[in-house]
Amino acid sequence: MDGEIRDTLFEAPPMAEQERMVEAILFATAEPVTVAELNARMPHGADAKKALAHLEKRYDGRGVAVVRVGDAWAIRTAPDLGFLMRKETVETRKLSRAAIETLAIIAYHQPVTRAEIEEIRGVGVSRGTVDQLIEMGWVRLGRRKMTPGRPVTFVVTEEFLDHFGLENARDLPGLKELRAAGLLENRPAPDAPTEDEDDNEQSDMFEEGQA
Amino acid sequence: MDGEIRDTLFEAPPMAEQERMVEAILFATAEPVTVAELNARMPHGADAKKALAHLEKRYDGRGVAVVRVGDAWAIRTAPDLGFLMRKETVETRKLSRAAIETLAIIAYHQPVTRAEIEEIRGVGVSRGTVDQLIEMGWVRLGRRKMTPGRPVTFVVTEEFLDHFGLENARDLPGLKELRAAGLLENRPAPDAPTEDEDDNEQSDMFEEGQA
Amino acid sequence: MPDGDTFGSLDARLAAEALIVDVEGFEGPLDVLLTLARTQKVDLRAISVLALARQYLAFVERAKTLRIELAADYLVMAAWLAFLKSRLLLPPDPEDDAPSGEDLAAHLAFQLERLQAMRDSAARLMARDQKGRDFFQRGITEDVSRVRRIKYTATLLDLLQGYARIRTKDEFRPYSMDREHVMTMEQALDRMRGLLAFGGEWADLSTYLPDGWDGSPSRRRSATASHFAAALELAKAGKLELRQGETFGKIEIRRAGSDGQ
């Protein structure tokens, strides 16, 4: 009797059952759910990560798919069926060219300061542009840079990854090629005052920012 | 190639494809969807009703189910997994003084009736207090007393003994032992005048009232 | 390198003319330079910076003739390019340790290539499947309802104290009434020695205070201080264990060696 109680208390449900649970939780929400949260909501001893792997495979090729967004997971409709959802289509505010370019620079160069964005675009970045991206939930403040003045940096959010169907920021299209071509380097101008001590910091922080 | 395009234009997509479509539409739509609406949204010639039947079967026993809501259809959490949609937080609180005293009386005097508890405490015992102790599993109903009115009695449970590390309710220290332990140390000085008692009691009450 | 003069003359003027028409549509001097560079119809890496400088300067000249006011940063760029042009044309001065014209030109080419790369990336990003346009999130969501469950607990000491409290009411007057508002450490030590027999579980030191001493602040202070001192004494003697979760947190005590129960 005592032993039985202990079993139900301390033994995780079978994997098929865990898979059903992950399925129910992911179906119930529009936002991606982290593995930690899944584990917290499932019975003691459950292995959400493993259950997720099973579920992902199960939905392969179906009308909806299990997708990874940063360290969270969500169910989304298959992109090839978008034409059926005309009714659900959300009109996104049309972004200006400046906003789109700024967004791309933040995504590819993150964490990046306003000064660095301006240096890349060769023109001032209006407050409203970054504010708009923050308001849309695609950009947020990152850690301050350890350079004089400790300027704030900008990074992209999980919502950005979710919106563009990216598993994580390393999956940005062409990122590897750009890096190999040296185009993501923060190369100081030869005639710039020589206080740029953060040449390499940029690419280092980029990796860390995604952890 | 040309032929293929014509096929997709004029012939209904294969049933597996239709099933994917129904799946995506039911997933993404904010309300349950009728068969008529499904047909209207799917390519010409599709048979939503049939596709729905396939989908319903596919989700049989899964973490979510295809269910009928009025004359429309939706995907919903499987009924047995509703508990996953509740987040339970446990807050530990100390038992109230009244509850502890009532519990102590039951432990020391079991089996004991409500009237007896009130007599020992010198104050009424609310129904809620005893109910709380019963709900906690520390107190249960004992045999009825063979006195007029056959009142119910209360006794402590195994769980109570377990919680307090007692083999038996008789192991509770007696008055003499409590005194030896200092719990009944509040012995009056043998020569204390009795009217003093009243005085002091008053001042004590006064002080407590200020706290 | 293509002949710079070609760009400096007719072509450059034509290109400049076209740019002037919609100067409002440009996002700064780098944007103009990038557009001009495209007229060279070569890979950005093979661009003639000298030709580009000439094209840009022609663009600024043209604006001046047409009395179109350019923003300051366009003019700053013009001044810098004029300087760069002279650097590129004059033989390097061995005395001068400033960066060479070639270095400056290479950096400008890098900036243009980087801006172009970001533009291409932005276009690729926007061409991806997007949520709410190509793929969709769940339409019917279920909120997680929060249920708060309260678990009540009590220790054996609470129980015994509770019982003692009731019995004391009939038979005894509370001890505290016979004293001043001061409790000595010896008194506390005496009490706690006895109480500890039931203190197998961690309990807040304040639960050990006697009845009647938790009312007025001065009495509570005295009782707390004496019990705390007594607890330290007993801990020193190895009779009890003390712990405090955080600074200013609750001080909890239990009988020494209660672990192995």
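Note that the chains are named A, B and C in the order they appear, and that numbering of residues resets to 1 at the start of each chain.
As a convention for this text, a residue touches a chain if its C-beta (ideal position, glycine included) is under 8 Å from a C-beta of that chain, and two chains touch if they have at least 3 such contacts.
From a predicted model like this one, the values you see are computed outputs, not experimental measurements.
Trainee: Which word fits how the chains touch one another: line, ring, star, complete or other?
Mentor: Graph shape here is complete: every pair of chains touches.
Trainee: Taking each chain's centre as the mean of its CA atoms, which one is most distant from chain C?
Mentor: B
Trainee: For chain B and chain C, what's the span in angstrom between their mean Cα positions?
Mentor: Chain centres of chain B and chain C, defined by C-alpha means, are spaced 38 Å apart.
Trainee: Between chain A and chain C, what's the gap in Å when you average each chain's C-alpha atoms?
Mentor: 16
Trainee: Measuring centre to centre with CA averages, how many angstrom lie between chain A and chain B?
Mentor: 37
Trainee: Touching two or more other chains, which residues of chain B qualify?
Mentor: 24, 27-30, 75, 77, 85, 87
Trainee: What positions in chain C touch 2 or more of the other chains?
Mentor: 136-139, 142, 144
Trainee: What does chain C use to touch chain B in their complex?
Mentor: Checking each residue of chain C against chain B gives 136-140, 142-156, 158-170, 172-178, 190-195, 197-198, 200, 210-212, 214-217, 219-220, 261.
Trainee: Could you list, by residue number, the parts of chain B that touch chain A in their complex?
Mentor: 19-25, 27-30, 41-42, 61-64, 75, 77-78, 81, 84-85, 87
Trainee: Which of the residues in chain A end up touching chain C in this complex?
Mentor: Per the stated touch rule, the residues are 27-31, 41, 74-79, 82, 85, 88-90, 92, 97-98, 100-101, 103-105, 107-108, 120-124, 162-166, 172-174, 178, 181, 183, 187, 189-191.
Trainee: Give the list of chain C residues in touch with chain A in this complex.
Mentor: Residues 27-31, 33, 73, 98-99, 103-104, 107, 110-111, 113-115, 117-122, 124-126, 128-139, 141-142, 144 of chain C touch chain A in their complex.
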